[in-house]
Amino acid sequence: MPPARGRSPRLTDRRLAVLFIAPALLLLLAMSVFPLLWALYLSFTDYSATRGGPAAFVWFGNYTAILTSAQVHQRALTTLIYVVGAVGLQTVLGFTIAYLISRRTRGRGLLTTLFLVPMMLSPVVVGLFWRFMLDAQFGVVNSLLGSLGLEPVEWLTRQRTALISLIVVDTWQWTPFIMLIALAGLTAVPRYLYEAASIDRASEWFRFRTITLPLVWPLLLIAVLFRAIEAFRLFDLVYILTSGGPGVSTETLSFHVYKVAFLGFNTGTASAYGILMVLVVIVLTQLYLRYLNKLKED
Amino acid sequence: MRHPKRTTGRKIRLATAALLLVATTMAACGDDGGDGARTGAPKAPATIPELSADPLTLSFVWFEWPPAKALETFANEEYKKVRPNATIKVNTVPNANWHDAMFTQFAARKTDFDIAILDSQHIGEAVTNGNILDLTDFVKNNIEVEAYDPYLLAAYGQFPQAETGRRDENASLYGLPLLGDTWTMIYRKDLIGDQPPQTWDEMISAAEKCQTENPGVSGLAFHQANGSDAAAVTYNTVNGVYGGNLWDAKAKKIEGVLNDPAGQEAMDVLVKKMKPLTAKGSGNWFIDEVNAAVAQGKACIAFNWIAASGGLLDPEQSTLGKSREQILDKLGFATLPKQKTDLVPLGGMGMHVSAYSPAANQAEALNFMKWFEQADIQKKWAAAGGVPSRTDAIQSPEFLNAGPFNKVYADSVPRMRDMWNVPEYARLVDIENTNVNAALNGAKEPKQALDDIAKEQQAVLDSSGRKGGGGL
Amino acid sequence: MAVSARRGRSALEIVLLTVLAVVMLFPVLWMIETSLKENRDVYAVPAKFLDFKITLDHYRDVFVSSGGGRSTLSTSFLNSVIVAGVSTVLATVLGVPAAWAYSRFALKAKKDQLFFILSTRFMPPVVVVIPIFLMYRQVGLIDSALGLILIYTAFNVPFTIWMMKGFVDEVPAEYEDAAMLDGYTRLQAFRKFTLPLLVPGIAATAVFALIFSWNEFVFAIFLTSSDDVRTAPPAIAGLIGGTTVDWGLVAASSVVFALPVLVFAYLVRKHLVAGVTLGAVRR
């Protein structure tokens, strides 16, 4: 750097950095951090957004009540089944589709584009439309089953099938996501590795296990974690597809928080509930970022 | 973990910053207590203040259904004759979101509506929170209270609730009737005969017979969904007919009252006798699905709100006939069958003035209500598709001739029973909805469901003094 | 023998792929079909796949109300355009400079800052909406387009920063250094040399932000209530749950609503992997 320059460029850089970063950070502080801290404060009180009045401190009363509530345990179990079921199913399917596409030499771009359509739709549209298709009386799914000579199924109004329907719809929408990322991993596997393997006359399965999977695995793991976070937060699909029914058998944690917050307006309880959910999300996000870092370093 | 020392240092700094932020937040929120210093609802003036001469939009909030459109059209046509500068706007929200949309705005202390159309059971919550005006003095000076069936006046305006089914002259009024409603039984005259079944037992056997004789048509169609108040109203109706009680209002007791032998019998009738006669997969049906089943000719007997039944006569949406007359040859409308009692569910809604709307709009709202409750306007409202509450309007030919189900309403008025009108209503109805829905769909045994309702609802009523965890 | 086995397997794979493609695309096709059917065919049992009369009435109903004039649905589409558009512009204006700064400068605890930024994006909306609701009511932002714009911007800024940082990283810092040797200031160097190279990346990033805001439902349903402010997702959801359900209209409005997203997504197909992982994965 020529010393002839009047100002210290480092100082300018520093100011510039602050100037460029500060507005974005301030917005996040105002719209994400501040509300969360507010929620944290409310979570120690019995505040209600409609009843008003000063909030009385109940300290950890909300937290102990939530953690010991059978109602919450039930929702946690539902959420767990849903997250594991949906993410597991879409991982298997998404990877299969990606693998099949990666073995095609022609039409790859078109195929990928077609497969991606469900992912781009709003959950509202997806939820409404599947509700229509899964209708027991005039839905097209039962109509197709009927033409195969099968009995109609109560997709949305039986305890088991309703949760399965939720998993199926989520899988339909998000399989493309896993597929997309898996495909990115698969196409990045260097050709020469396969060529070397084929000279060795290695079996197909051996090649898949020793070359393909290890190379795609880290990327796939990131996709899975990402989906797990999203699935854990799920609200809209439940709201539209089953509104938690039959009974409360498809109520997820998010849906339960909504009921506590906006039906009974028990804002304090809902805040504590929300903070607990945020903690889970933070743990998942930590994992996600750790793997992401590892991937970048490799 | 590569630089453990640095990390710890940074963490301490971060934690300090976070603590500081929490402290400021709490200080900031301390001011929030100011808005809760009120007690109960503010009073509306006894006489209508001077009205504005400027153009003014009087806004309502309701849910999306035909009466909302009817009200907007009717009010703009008729009210403009006396108040040319006023325009009526009826905002609508999805039914599932109706309570939340109104009460989140109330909670925001800022409403985009001047007149809230509350479900009758919402009054308690709104009054306790001070969201709507106390109209007692206004009503005394401006409304002919003798012209109403006292129970209707009480149901759509009084708080505390008209527990005995009679109006309490000394209780305060917070609203005036807008639209009366109750369930009607819709039956296929061509399938079960012209005479409607008279008792609940007869109704069930007629449905059973009809279902066996007509493959593809199910015996019954009624509300079973777990949203809004769908499944809850269904159970409450059967509960009433079989002589049960929802609660002991004086003692605030639900446990042991709702799930007494009469309540159990009602639940058994609903789940074991009525549910098997419904269509497969009807466990999430509400107003629209029941209407669709009737219009598609897929139900022998159906139950629905009168105010939501207009569409059934529309040949565009029906497979039952090419004209209103042809449809009416097949569809009959009757009051609900009786069994141990003759109770029917009270539906409908009243008008309530938002406490957060500007003074000029509140004045206009009061003026509108006074205008709306006049005898001749009520008759015109009846002719326009509304369901009035004034006795003279209910008995008028304008109303009785406007729809085949209007006589059903007129005959049902003395038989009505409402749910609990308490601030905790939204929670109570959600508990009942989800549990009845669970019982109807085999997710819970009927007895278990009823006991759970009683236990959980009792817990909500008793929970006022609890330390934390309310609303779970 | 080996060749025919390979061919057989290849054929099997093609069949499998076709079946999967049909399953994945069928709901979309069914939606389009339903939007073109008359109501009585919509409810037909067994379902009609090909032999139905085509009508465009549902599409007319999306834009024109029954009494003539603009429908409330079309108002909500317009609201969506405004809210999604403005929030995307804001997120871009705030996010791109920040991304550049994070990419170019050595900052204290940079990794932690970036982690913090991304983690705000992962907060469950149902949880965030509770304090946001209380905050908005203090400042009068409930049921206003501005309120939605702000929260969507806040959710898009982390994404924009992560996504754009990747794009900036790909532009060699030497360009700017060289420009500064020629006497430009750092800021000028950014504007004149780096920014033009970033335009395709900015466009792709903006499109993803647009799609998020366009599809968002949870904040929209809890923070808005009036017809004048309501965006399309809650408006479409509101089409069911009245006294009758017009599935044809639901389908038509869904198609109209989804079409722009699909077109946009096609335009940025090269950056999809980065886009859907919030800029975290780039290959």
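The letters A, B and C name the chains in turn, as written, and every chain counts its residues from 1.
Please note the rule applied: a residue touches a chain if its C-beta (ideal position, glycine included) is under 8 Å from a C-beta of that chain, and two chains touch if they have at least 3 such contacts.
Since the structure is predicted, the reported quantities are computational estimates derived from the model, not experimental observations.
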Greatest separation from chain C - chain, by CA centre: B
Pair of chains ranked first by number of touching C-beta pairs: A-C
Separation of mean Cα positions, chain C and chain B [Å, integer]: 37
Euclidean distance of C-alpha centroids - chain A vs chain C, Å: 15
Multi-chain contact sites of chain A, meaning residues that touch two or more partners: 33-34, 38, 42, 49, 137, 262, 270
Set of chain B residues in contact with two or more other chains: 32, 96, 100, 104, 107, 227
In chain C, residues with contacts to at least two other chains: 43, 133-134, 222, 234, 237, 240
Of all residues in chain B, those that touch chain A in their complex: 18, 21-22, 25-26, 29, 32-33, 35-38, 96, 99-100, 103-104, 106-107, 125, 128-131, 225-227, 279-284, 293, 298, 423-424, 426-427, 430, 434-435, 437-444, 449, 460, 467-472
Chain C-facing residues of chain A, complex: 9, 12-14, 16-17, 19-21, 23-25, 27-28, 30-36, 38-39, 42, 49, 93, 96-97, 100-101, 103-104, 109, 111-125, 127-133, 137-138, 140, 143-144, 146-147, 172, 175-177, 180-181, 184-185, 188, 219, 222-223, 226, 229, 232-233, 235-236, 240, 254-255, 257-258, 261-262, 267, 270-271, 273-275, 277-278, 281-282, 284-285, 288-289, 292, 295
Chain C - residues contacting chain A, complex: 10, 13, 16-17, 20-21, 24-25, 27-28, 30-31, 34, 42-47, 94-95, 97-98, 100-102, 104-105, 107, 113, 115, 117-120, 122-135, 150-151, 153-154, 157-158, 161, 180, 185-187, 211, 214-218, 222, 233-234, 236-237, 239-240, 247, 250-251, 254, 257-258, 261-262, 265-266, 269, 272-273, 276-277, 280-281, 283
Interface residues, chain A side, partner chain B - complex: 33-34, 37-38, 40-42, 46, 49-55, 58-66, 69, 71-72, 135-137, 142, 152, 154-159, 242-249, 259-260, 262-266, 268-270, 272
Touch list for chain B against partner chain C, complex: 10, 32, 61, 63-66, 91-97, 100-101, 104-105, 107-110, 112, 227-228, 286-289, 291-292, 296, 308, 310-311, 317, 319
